[in-house]
Amino acid sequence: MSKIGVFVCHCGENISATVDCAKVAETAGNWDGVTFSVDYKYMCSDPGQSLIKNAITEKGLTGVVVASCSPRMHEPTFRKACAEAGLNPFMCEMANLREHCSWVHEKGEATTEKAIDLVRILVEKVKYNHELTSIKVPVTKTALVIGGGIAGIQASLDIANTGHKVILIEKDPSIGGHMSQLSETFPTLDCSQCILTPRMVEVAQHPNITLYTYAELESLEGFIGNFKAKIRKKSKSIDEKLCTGCAQCTTKCPVKKIPSEFNEGLGKRTAIYVPFPQAVPNKPVIDRKNCTYYIKGKCKVCEIVCPTGAIRFDQEDQIVEVEIGAIVIATGFTVKQPDFFPEYGYGKHADVITGLQFERLASASGPTLGEIRRPSDGKVPEKIVFLACAGSRDPAKGIPYCSKICCMYIAKHAMLYQHKVHGGKSYVFYMDIRAGGKQYEEFVRRAIEDDGVNYIRGRVSKIYEKNGKLIVSGVDTLLNAMPVEIEADMVVLATAGVANEGAEELAQKLHISYDPYKFFAEAHPKLKPVETNTAGIFLAGACQAPRDIPESVAMASGAAVKVAGLFSKDELTREPIIAVVNRQAPPVYSSCVGCFLCVSACPYQAIEKEEIKNRNGEVIKSVAKVNPGLCQGCGTCVAFCRTKSIDIQGYTHEQMYTEVMALLNEY
Amino acid sequence: MVDLIKRAKELIESSSVKVVIGYEQGTGNKTRALFVENSEDADKLIFDSRCIQNLAAYITKKEIKEKGKMAVAATLPVMRSIIQLASEFQVTDANILVLGITPESKLIEFGNLAEVEKFVHQYEIEIDVRNKEMLDKLEKMTQPERWQFWIDELAPCFKCYACRAACPMCYCSRCTVDFNQPQWIPVPSTELGNLEWHIMRAIHLTGRCIDCDACYNACPLSIPINLLTKRMLLDAKEHFGGYQPALKGEHLMSTYKPDDKENFIQ
Amino acid sequence: MNIDKRLVRKDSLEKLFDILKQNSKKIYAPSEKNGKITFRDAENFKGISTGYIQTTQSSKDITFPRAEKILDYSKSKEGMSVKGIDLKEIPEIILWGVRPCDANGIGELSSIFNWDYKDEIYNNRLSKVTVFGFSCNKSDEYCFCTSVGGNPGNTLGSDILFTRMGDDGDYLAEILTEKGNVIVSIAPQLFEKSENSEKEKYLAEVPVRFNHEEIKNKLDKFFESKEWIEQSLRCLGCGACAYVCPTCACFDIQDEAHGKKGSRVRCWDSCGFSHFTIHTSGHNPRDAQSQRWRQRIMHKFSYMPERLSVYGCTGCGRCSRACPVDMNILENLISIQEVTI
Amino acid sequence: MTLGFYPGCSLKGSSREYAESVLAVAKAFDIDLEEIHDWNCCGATAAHNMNKELSLALPARILSLAEKQGLTEIVVPCAACYSRLTVTKHELAKDPELKIAVTDANNLPYTGSVNVLNIIQMLDKYITPVLAGKVVKPFDHKVACYYGCLLVRPHEILNFDREEDPQSLDVLMLKAGATPIDWAFKTECCGAGLSVSRTSSVGRLSGKIIGDAKDRGAETIIVACPMCHSNLDMRRDSINEYLGEKVDIPVLYITQAIGIALGLDRKALGLQRHFVKVSV
Amino acid sequence: MAEFEPKIVAFVCNWCTYAGADLTGTSRIKYASNVRIIRFPCTGRIDYMLLLKAFDEGADGIIVSGCHPNDCHYTSGNFHARRRWIMFRSLCNFTGIDTNRIKFSWVSAAEGAKWADIVNATVKSIRELGPYTEYKKVAKYPEKEVNHG
């Protein structure tokens, strides 16, 4: 006979404001099998948990139902409490009275009735719960870091420094990411390259880090502690072992006018190229789309000039298979290009550029060697306008969120401009200045007060070119919405930070979720910012949302700690929510008839064939068997099996059936 | 079927197979299954248009399997059933020899199941005109009319499970109706118990039924339960391009396509 | 005993039906659906099937329904309360068009339900049934009532037995019981004095096909025979034979639970089903179809005569007609008789 | 072929030439424009600032009448009318209760089945495919296509063209043989709402439009809205006053420009009715 | 007379719709209280028989909801579910079960508002359809004495 304890939480007033918690507890107390029922202000608090623990020991409870918030929130908390009191943690269930009831319905009888129903469903379910034991699986202590920007670099180094192996893959020919493109960094104005390059080199030289540049994730299978990844190493068309990075080839390559990605199109590169001088690895790749040899079948200048014979025109993409235990995704973000904004010149005015392009202009290693010169004619702009929120915070553009970093980098840009172009005039159109962060507000004030940047609170409706000037037509909302027109020489758009193209596809490969803007979704917005919903996969940096450098680095270190924590044990404990094929006494052995249709229904290839043999070793019967290491507990096979021979622990036939019965009948 | 008798005798005498399953004259004007285990019995083998029982139902029967390798005089529906059973690992080349009977009543012996599959694939599974008309008629009814139609049609059902017994695909050793923890299908043959039994049966046969009508022919009350599986067959065709039993095929309901089309999920 | 024999004109039958209906009698009579004839609540005389040799299903459904609630229960903190069905609610029913073999089967069924335990519900239902037997003037190769002690004009089990005199003739009604007299008293004008009381010449001829005594004696030593395996090879193990049989009485008790309330239901079961005898342990004493087939025959021709002094078979031949794989009981009994042990 | 036709007030008054040119071009392609009987004011532009239900009931009545007349598709040349009719369809489809209220107010059944076309959509759908063969005198001029505010906004309701940088008129004019210029004032406000009350504001607002068109070498300005036309044509004196020079670039309705390309009679196109002489 | 309050059972997956309904809660979006959620690991786990059981026990409407295609936490559970739903729904339709009473939807963890809309729309439409008397009549067997067929 079950002895169930029901614990109804008020959640302060979050539940009790609309649900009569005392009535819920009282009603539950009258049900068959419920021996203890109580309501309390905060079940998750220490005294609340003690209440549960005491009831378990004193009343000898065989099952616990905590009626409080979403199990997605506190199930681990309460299960742990039960375990501490000696009750198998899987004998604890949660009724979601907060998110699914009190917060979404008005106060009233119907809401309390619903709360009672929700509790009853779980009380009846828990009667059919079984004591389960967590599953132990071995951990492969190698991490895969996807993306070699600052977040990926930081995560790789942090993990590697704890003594674990790291495989870092980067889709571009060099690691460094967006940070390597930046001129100076706010709020200290130290040179981005100067602080980043040492880390890049450290990555390359670290004995625990294997670096694959020009490589992308092809596919992933497995589960936490036991992933198998296929990595596509795109062909670089060179033999990296032979290449010394002497740059003979890049100097002699006749195709010289390809817009440089690193310089955001403001500079040119060759077809065989190293993206930037400090690249790691500092070895070239051939851009086959633009290489004369690949287009026309002749040239091979690079091959001729290469002193070590390292050019390999027939090199093919290579697929590397690796076994890893954890993954850090640090794929970063991208910015909207000006052609997204017809009103701002639709990408047709050369002198309307993005913030990232301005970084290149301001960078000492950039196409202008750090001088601010406008792309169209190379003149130093006398008047420059910066537009904040180009796309961001604009529902009409489909980007209602704040891109977060723009306020700061615009202040930096304006400041750099003022420092470099003496007597120049700079204007910033903004909605609000969001400068939350250590020394951030001070930095913006410096731009305004010390460097004389003109901040205009208002939006720009239109930019058009007239008589060689860019007419920036906007409004100053602090001057009673006075229309403002500035005849500028150059305009910098702080275009919205958005998810990478292909982010969706990557998420699907990794089986992680993403938000409506295709940024990867964290497991909890506050308490699990670096975890994903898929165990063993973590997030770092701007792939999760727009992030600045300090945040990206902090996230990366956070993710690294999560990985290191995971790797600190040889075995991993997994929830035993897995499918099981029934076994019975001979001569039946199992009700499974061995049709093995479940094998194709399983998304994880977790179902195998097991041959049941007699003492003479003859096969009596072939039945399905679930590999507990591979099974992730989706239950697709369970609903599919005709003979109901597969069941899933925690969501068994009896449990789910009982939930339906309990929901619609009186008990 | 002189050829069949001759071949059966050879197979038995040479011990190539232990039993040949075919048809014999039954009582009344019926024909019935015959299990030939010695060459004299082979003389009783017949084949004519009355031989419609799906003999594949015997292939998974314990008592028959225990005899050893079998040969089956198989009409097109029987051959289809055999391929489907093979795809579900219930029969292999090692335990069956197919003596095919073509739609033109010609005997054709197959070396292996792959050949049977090839033969079977020449013919589309098609629903006969009379049943097609009935399906169309049902389609045109309103939802409450269809509901009443089935409540009335299924009312006589007393759950003797002859439909299940006669169906070659219903080889499960424990049918869902025999599962009682929980009791998915109400055991009593009430309106609800009958409806849910037949719905469940139709779902379990979706993508597997080869439309042999064995269930309908077996029903002592002649309830048109084959309409359910026929409907599923047509829907499988409409939504997923249909199916043919195949040795290494993708089973309709245990697989999916990312671009499966529907118009009702919001 | 002198049987009260009356003449019922051929067109009086409809009048009788209508008068009984006017007297609010519930009449179950054979009617057709999908080509199969079964006893159903008859609304009008026109819907009643005639000319059939035998109905597909027997009339046992009326006294032993395929699904029958026997009690309701509800649970509370105080405990369980149980409410049996109200026997007074059981309606009076006239069973119209029952063949003599079926009527005979009523007795056989009753002997099972009154063997060690007197089944109150069954007996109550039976007490409220008035049986209108109709003698057979046709038979087919599946009929063998005469081999099990019956005959096409058998009066056993009927309250009134109608015998049609000639293909288009009037009926001879034998008023056999008090229940029969009650019917006559409702419409006395339709039950005329009978001049001609000879019915034998109008009855179908059903040859005796085997000796049931001999079969019974043989079965005593036949348990381990290989014949069972050979006979049952074809059997698919469905329950069609048991469910159409007038004397098969296997049932299952099911609790239909809905939260704290529920009902207990008696529903038909069949010893032919492979799971009929399965134990909780997984052991199944009748694991093979041959064992189940043997049980069916042994029960009807050996165990029942031994324990209840009646046969469990009326020779109606329904099981043979209904079997999807032509398991012909007559054929099998004859072969048992012929086999030497 | 027959299409429904809702002229609205402007096309019967100040912009008669727009109506004339629409009908002339339609006729040239054997399209019958059947005017909606007993049509009423569309409510533009003031009604929706006063009373939402009224602002929807007026266009709904027009649409109901069109339904009653058996029309499935109507042409609405005036951009303001087009906006009101389309917005009404959108609002009523979205809100069944509102639909009932409006239907009740009009006492006319409304299903929302009538397809509303602006002039560009009409030309695109029925005339562009066969235009090339009928152009006898390509409109070989540099043109500035001016869209104004109501033709493309609000985008989420009209779902017509790109709201910030529309292209449809440019494409049409290209097909008529013109060279559309790239300019900055395609959707800038002409000051329509102040057309009568504050002509000086109109001078400034429309002046910027004319000024930019002139600076970029436009020989003609092409419009598809009576309000735009009034302001750019009728208020040319105020405009010129603002610009401080005499600019005499003519303003043509798209249908007039196409009509010229088709070689239609200039009078039939109403070219003589303009304030700024049509020199092209 | 009081308005008919339909009983609606929602079968949802843990990762998307259950989380989406959590978000509806955290966003404090109000919706009709007629729905009770039963949590499954994945839509692939949702046994069609459970839907029938819900009707057996007196549900007037059913919501089945999970992750959008491609978003399944288990990669393809929802794809399998979708195929089953297509066939199951068609069979229901063929047997005369009122498919207007079964609402299938995709609600992601980010679509809190959509969940509220789905629930409200379902409650509204079921309210218009009224109690599912057809099914209830058949299902309330224990009220009936016997079945003679």
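As written, the chains take the letters A, B, C, D and E, and residue 1 is the first residue of each chain.
Criterion: contacts are C-beta pairs under 8 Å (C-beta built on N, C-alpha and C of every residue); 3 or more make two chains touch, one makes a residue touch a chain.
All values reported here derive from a predicted model rather than from experimental measurement.
> If you drop subunit A from consideration, which chains still connect to each other through contacts?
Apart from subunit A, the chains cluster as B, C, E | D.
> Between subunit A and subunit B, how many steps is the shortest route if every step has to go to a touching chain?
When the steps are counted carefully, the minimum from subunit A to subunit B is 1.
> If you tally contacting C-beta pairs for every chain pair, which pair wins?
Chains A-E share more contact pairs than any other pair.
> What chain lies farthest away from subunit D once each centre is taken as the mean of the Cα atoms?
C
> Please find which chain has its CA centre nearest to the centre of all protein CA atoms in view.
Minimum centroid-to-centroid distance belongs to E.
> What whole-Å value do you get for the distance between subunit A and subunit D if each is reduced to the mean of its CA atoms?
From the centre of subunit A to the centre of subunit D is 49 Å.
> Just give me the whole-number Å value for how far the CA centre of subunit C lies from that of subunit D.
87
> Could you tell me the distance, in whole angstrom, between the mean C-alpha positions of subunit A and subunit E?
32
> Could you check subunit B for residues that touch two or more other chains and list them?
Each of 156, 158, 174, 176, 184, 186, 188-190, 193, 253-255 in subunit B touches at least two other chains.
> What are the residue numbers in subunit A that touch two or more other chains?
Correct list: 588, 601, 640, 653, 657, 661, 665.
> If you look at subunit E, which of its residues touch at least two other chains?
Correct list: 48, 53, 57, 70, 76, 80, 84, 141, 144, 147, 149.
> Which residues of subunit D touch subunit A in the complex?
Subunit D residues touching subunit A: 155, 162, 164-165, 182-185, 188, 212, 215.
> Okay, in this complex, where on subunit A does subunit E touch?
70-73, 96, 98-101, 103-106, 110-111, 113-114, 117-118, 121, 504, 508, 511, 513, 515-516, 521, 533-534, 577, 601, 603-604, 632-636, 638-640, 648, 650-651, 653, 656-657, 659-661, 663-665
> Mind pulling up the subunit A residues that touch subunit B in the complex?
Touching subunit B: residues 588, 591, 593-601, 622, 640, 642-645, 653-654, 657-658 of subunit A.
> Along subunit A, where are the residues that touch subunit C in the complex?
30, 32, 584-588, 661-662, 665-667
> Flag every residue of subunit C that touches subunit B in the complex, lowest number first.
Residues in contact with subunit B: 33-36, 38, 56-57, 66-67, 140-142, 229, 232-234, 236-240, 242-244, 252, 254, 256, 265, 267-268, 270, 273, 275, 288-290, 320-322, 324-326, 328, 331.
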